[in-house]
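Look at the two complexes coming up: subunit A is in both, with subunit B in one and subunit C in the other.
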Partner chain A sequence: MSTERNRYTEFRPRWYRPKMSTWWWLKRWSSLAFILRELSSIFIAWFIYFFLRLVHALGRGDAAYREFLAWAASPGIVVLNGITFAFVLFHAVTWFNLAPQAMVVHLGGKRLPGALIAGANYAAWVVATALVLWIVSR
Partner chain B sequence: MVDRITVEVARYRPEKEAEPSFQAYEVPCRKDWVILDGLNHIKDHLDGTLSYRWSCRMGVCGSCGMTVNGEPKLTCATFLADYAPGPLRVEPLRNFPIIRDVIVDIDDFMQKLSAVKPWLIRDAEKPLAEGEYRQTPAQLDEYKQFSMCINCMLCYSACPVYGLDPEFIGPAAIALAQRYNLDSRDQGARQRDEVLSKHEGIWSCTFVGECTKVCPKHVDPAGAIQRYKLSSAMGSVKDFLMPWRGK
Partner chain C sequence: MMARRSIEPLVWILFSVGGVVAAMFVPVLLFLFGFAYPLGWLASPSHAHLVAVVGHPLVRVLLFFLCTLCLLHAAHRFRYTLYDGLQLQHLQELILLVSYGGAFVGSVAAGVLLWQFG
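Right after this comes the complex of A and B.
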């Protein structure tokens, strides 16, 4: 937009337009954290695929499930899942911390403080985790 | 005896240089001096050719934004002594074309700003006899934060999305659109939506969040954008489920 409209004139003799480096995201921790958060979506996708395979194997009976377990226990998959777990955690935590910025909740005519909105997200997370643990350990 | 500090200022003289370089000046580092005082000292006593913008020197006009040691700052609201013993580097705001020394071209931002129609829009004005448009404190609170913007463009300077894609309408323009959208007296949301819901509008934003961190007025432009995304998405879902909903 700017390059076309602001044409070269006598009074604006020569612009200098610095280029952004390809490695801009390595220059500060906050940019790196942002890129990592974007990257985490790949691992989330893998996690969902893994989970769907698990459900699929379960649906096809005992043998298929054992086969799935053997595949899941292979070193490559274990390492990948370890990394995935770290990224999923990172994704969840950064997402919950950002939630209050995107959501404004009113209750009884008052605007709820951001900490409460983030807190509610964390609380829901804890409840869901507890529920899963309870089901698994029953 | 007053301490001194070295300030390395970016110089760019388009009539004789192809690209910017740094020039070092030594200025007094007084406890009550902001960076702008240091620049004024240079201009008045050391080198009258240095060019930069400023006006109010009290964080209101938004014209003194520069990159200080890599961070976008209002130079009238940033103390020299915080950078002692120095040296500190003063550069033009990033992501804008440089005209001279630390002065950047702001036309692009000015065009974007007017594109979002940052004024109260009414379908029809009510007759004068009916009196003023009243607003409760709660209604004022809805948009007050966004009205604090001083158009300093630090948020554009901090935004990698704007740096990579200059078509992006940008943080402050969207925050100011929201300032009017959320005003109970305004009826222009549909008109602004034409600009905001384009790809170069809110959907270019990937929520890096740097704009909010650097904003000297706590406007939270990143929050404004995400809130708009949320209401825009909800609006499309409602339009889909209830096509008869009034346009």
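Right after this comes the complex of A and C.
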């Protein structure tokens, strides 16, 4: 049966592809959280740039190191680092909370509970933080 | 015919390792050098001490891995989920260039800086 709607055409048929809005992730908190976590990637890249500037300044001498600290204390950089810190913490917490889903550990034929795996990650975080504090400020 | 090996699994493993490294070490480093020392919350360590720390070969290797893995993690996350999520597929070439190209340039810069340090 050929109707007006499905008659033969020599062109490629139009597929049904629902168009998603670019802003679909604003509608629900869970999807907004997803996009925010993805955005943390930009801030991690900024941190590496910031950190390499520190290494560069250290290599150039004491005056350059003081200059770096003064630059890092300027309002614009402090605000940017504040935003970066929030995003990095968000990345860390969601990453550790997700660890039980990513790591399935069996011990003695039983699956270790997720809380234990997340807890181990948080414990490692505390140890890593203490280690860096000790090395840097010793 | 043999199936072509894909590099994707390796990139995803590096993404995960980078995610762990970023979560473990970036908060404390950013807290110290982004706030505590510049703003005077804590007495900043002397230049000589930090040079001795960064000058240690093992620290330099670890810092190189920190930079490279974090940059790869960021590049991969930026490339995949962000451009899928924000429907930016039409910008694919540009996003690939900016993300992996940026990670590559940053890693080389980190390598040169740390290699020549001191």
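The working rule: the second predicted complex is superposed on the first by the 112 of 138 C-alpha atoms of A that agree within 3 Å, B and C clash if a C-alpha of one lies under 4 Å from a C-alpha of the other, contacts with A are read in each partner's own complex, and residues count from 1 in each chain.
Keep in mind that, in the parts below, a contact is a pair of C-beta atoms (placed from the backbone, for glycine too) under 8 Å apart; a residue touches a chain by one contact, two chains touch by 3 or more.
Since we're looking at a predicted model, the values are computed, not measured.
S.K.: Return first, second, both or neither, reflecting whether A:Leu69 touches subunit B, subunit C, both chains, or no partner chain.
M.R.: The answer is second: A:Leu69 touches subunit C but not subunit B.
S.K.: Quick one: is A:Ala124 in contact with subunit B, with subunit C, with both, or with neither? Answer first, second, both or neither.
M.R.: In the superposition, A:Ala124 touches subunit C alone.
S.K.: Of the two partners subunit B and subunit C, which one touches more residues belonging to subunit A?
M.R.: Tallying touched residues of subunit A, the top partner is C.
S.K.: Look at A:Arg60 in the shared chain and tell me whether it touches subunit B only, subunit C only, both, or neither; answer first, second, both or neither.
M.R.: Once the two structures are laid over each other on A, A:Arg60 reaches no partner at all.
S.K.: Given the touch rule stated above, what does A:Ala102 touch, subunit B (first), subunit C (second), both, or neither?
M.R.: both
S.K.: In the superposed arrangement, does A:Glu38 touch subunit B (first), subunit C (second), both or neither?
M.R.: Touch partners of A:Glu38: subunit B and subunit C.
S.K.: Using the touch definition from the top, say if A:Thr22 reaches subunit B (first), subunit C (second), both or neither.
M.R.: In the superposition, A:Thr22 touches subunit C alone.
S.K.: Where on subunit A do the contacts with subunit B and the contacts with subunit C coincide?
M.R.: On subunit A, the overlap between the subunit B and subunit C contacts is residues 20, 25, 34, 38, 102.
S.K.: Along subunit A, where are the residues that touch subunit C in the complex?
M.R.: Residues 20, 22, 25, 34-35, 38-42, 44-45, 47-52, 54-56, 58-59, 61-62, 65, 69-70, 72-73, 77-78, 81-82, 84-85, 88-89, 91-92, 95-96, 102, 124-125, 128-129, 132-133, 135-138 of subunit A touch subunit C in their complex.
S.K.: In their shared complex, at which residues does subunit B touch subunit A?
M.R.: Counting only subunit B, the residues touching subunit A are 12, 14-15, 19-20, 70, 94-95, 97-99, 105, 107-108, 111-112, 138, 141, 160, 163-164, 166-167, 206-210, 212-213, 220, 222-223, 226-227, 229-230.
S.K.: Under the stated contact criterion, what part of subunit C meets subunit A in this complex?
M.R.: Per the stated touch rule, the residues are 16, 19-20, 22-35, 37-39, 42, 44-45, 47, 49-51, 53-54, 63, 67, 70-71, 73-75, 77-78, 81-82, 85-87, 102-103, 106, 109-110, 113-114, 116-118.
S.K.: Given the complex with subunit B, which residues does subunit A contribute to the contact?
M.R.: Interface residues on the subunit A side: 1-3, 5-6, 12-18, 20, 24-25, 27-28, 30-31, 34, 38, 98, 101-104, 109, 111.
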